[in-house]
C-alpha cells in the first residue's frame, strides 16, 4: 500500500463506474433489510468489477456490496484499484459500513476515490442535496478511505513489536 | 429451497469442478493463516464459479473460499447449484467452517453434493486416507449440507410465529 | 479439547440453565430481525453465563446470543463448559446458526450437551411437538456439537502439514 | 443516539477505565494473531465493563475486544456509555478495526471519548510518541467515534425512504 495515489479517475471512467454500481444493485439478495446496495470497483488494468449485498438469515453472515466486489476482484487477480463507487435506493449518499471500510483498507491506497452515489443519480444541479458541501456532479459525494477510516488498523500493525 | 435434489453430478462435471477448486486455491489472499483454500460451484445452468479465501488484518473481516464463490455466483445471477467442491493444501478432506455452512444454507438444497478434495488429489486407491469410509474417487469425501449442518437455522425460521 | 465428556448435567443444573437462557432472552437487542434469542452456559466451576443476540444496522456486525455468552465467559476466565441452552420466542427448538456452532467448536468438547428450548417451555407431555423423536422434558431437544457440526473445522486443522 | 455528549470523563474515571482495559487484555484468547487487545467501557450508571479479543480457527468468527465489551454491556442492561478505552501490547495507540467502529456506532453517541492507550502506558512526558499531536496524559490518544467513523452508516439510514 502506497501513500500516494498513482491513478486518476477520468470523467469517462467515473461515468462508467457509477453506471456499473447502479447496475450491480439489481443483483442484490436483500430479503431481510430490503435495502439493496450496489458497488463497483475500477482496477488499475481497466476492469470493472461489480458486487451487491448478499444477506443471510443469521444476519451475521451477511456480506455487503463492497466486500462482494472486493473478494470477487481479489480472487480474479486484481489487487490494485483506481476507484470504488457505491449506491443504494436512498436518494442521498450512503456510506460503506465499518466492516467494508476495514476490508477496503486491506487492498486500497488510502487516497483512492470512493464515490457515494445517490439512488436518484444524476441529481439536478439545483437539487438541495446536490448543493451540499463536497458534492460533485450529479449529487455524488466523493471521498477517500483516509477520510472514512482515519487512524486505521491495517496489516502493518500486526507486524509491530509487542511487549 | 426444495427438499429434493433436482440435478445429478456427472463424472465429467465432477472432474471439472474439482479442477476448478484446485485452480481457485491459487487466487487466495491468506497472509495471516497461510492456509489457502479454493472452492468451486457448479450452477444448474452449467457455469463454474470459483472462489478463494480473502483474509483481513482484523481477522473477523476474513471471507472464506466458499462464501467468496457464493456471493460471486449470486451477484452474477446464479442462485441454483448442482454441487460445491472445496480444497486446501492439506492432504485430507478439509470441511467448510460453520460460517460458510450457514451461507451455503441460504442458497443450496440440503442434499446438494459437497466434495471435500484433499490437497494431493487424486490420491492413489491404495492410499490409507482414500480407503476411509465415505471416500470416493481420488480420496474425495462426498457429503451434503444436510450432513454438515443438521437441524439448520434458515430463512423459513424467521417467518415462524412468535410469542 | 478432549474427546470424552468429563461432566454430566444434573436435573437441577438443567433446570437452572434453561431458566437462565429464558431470562437472558429479555436482554436482547434485536430491532432488525425482531427475533430475540437467549443463551446460557454452565461452566465446569458452576457458573452460569448468559447472553442474548445483539444486532447491528450493518447486519453483518450482528452477534448472536450463543457467541455473546461465549465471549463473555472466555473473557471472564471460563473456558471449560458443562452445557449450553438456547431459546427464542418460537414454540419449537431453534438451533444455533453455523457461525455460532463454529465459535462453540473453539471452546467446547464435542459431546457437550446443547439444549434447544422452545419458547413455551415447559411444553406439556401431550404436546405433539414434545412427542417428536429426541425430545426431552418440556419439549427440549437435547443435542451436542458433534451432531450439529460434524466433520468440523477446528484449531488443530490449522496445525496440519501442508503442501 | 443524541448529537450532544451528556457526560464528561473525570480524571479519576479516566484512570480507572485505562486500568480496566489493561487488565482486560489479560483475558484475551488470541492464539492465531498473538495480538492481545483489551477494552473497557464506562457506563453512564458508573459500571466498568471489560472485554478482550476472542479469536477463532475460522478467522472470520473472531470477535474483538471492543465488541466483546459491548455485547457484554448490552446484555447486562447497559446501553448508555461515557467512554471506551482500548489497549494492546504495542507501545503506541492502536485503533479499533472498522467492524468494531460499526458496532460502537449502534450504541454510543458520536462524541463519546475513545481512549487509545499504548501498551507501555503511562509513557513519560518526554517520550517522543507522547509528544505527538493529540496525545494526552501518558501517551493516550483521545478521539471520538465521529472522528473514527465519519459519514457513518447507522440505524436511522435503514429507515430512510427508498425508490
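Every chain is named by a letter (A, B, C and D) in the order it is written, and numbering of its residues begins at 1.
In the analysis below, contacts are C-beta pairs under 8 Å (C-beta built on N, C-alpha and C of every residue); 3 or more make two chains touch, one makes a residue touch a chain.
Which chain is which protein? Per UniProt: A, B, C, D = Cytidine deaminase.
This one's a predicted model, so the numbers in the text were calculated from it and none came from an experiment.
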item: Pair of chains joined by more contacts [C-beta pairs], A-D or A-C; value: A-D
item: Cα-centroid distance, chain A relative to chain C, in whole angstrom; value: 37
item: Distance between chain centroids, defined by C-alpha means - chain A, chain B (Å); value: 28
item: Approximate Å spacing (C-alpha centroids) for the pair chain A, chain D; value: 26
item: Residues of chain A engaged with two or more neighbouring chains; value: 32-33, 57-58, 61, 63, 97-99, 102-103, 105, 153, 157-158
item: Category of the chain touch graph - line, ring, star, complete, other; value: complete
item: List of chain B residues in touch with chain A within their complex; value: 24, 27-29, 31-32, 50-52, 54, 56-58, 61, 63, 67-68, 70-72, 74-77, 79, 99, 102-103, 105-106, 153-155, 157-158
item: Residues of chain D touching chain B in the complex; value: 32-33, 55-64, 97-99
item: Chain C-facing residues of chain B, complex; value: 33-35, 88-103, 105, 116, 119-120, 141, 143, 147-153, 157-158, 160-163
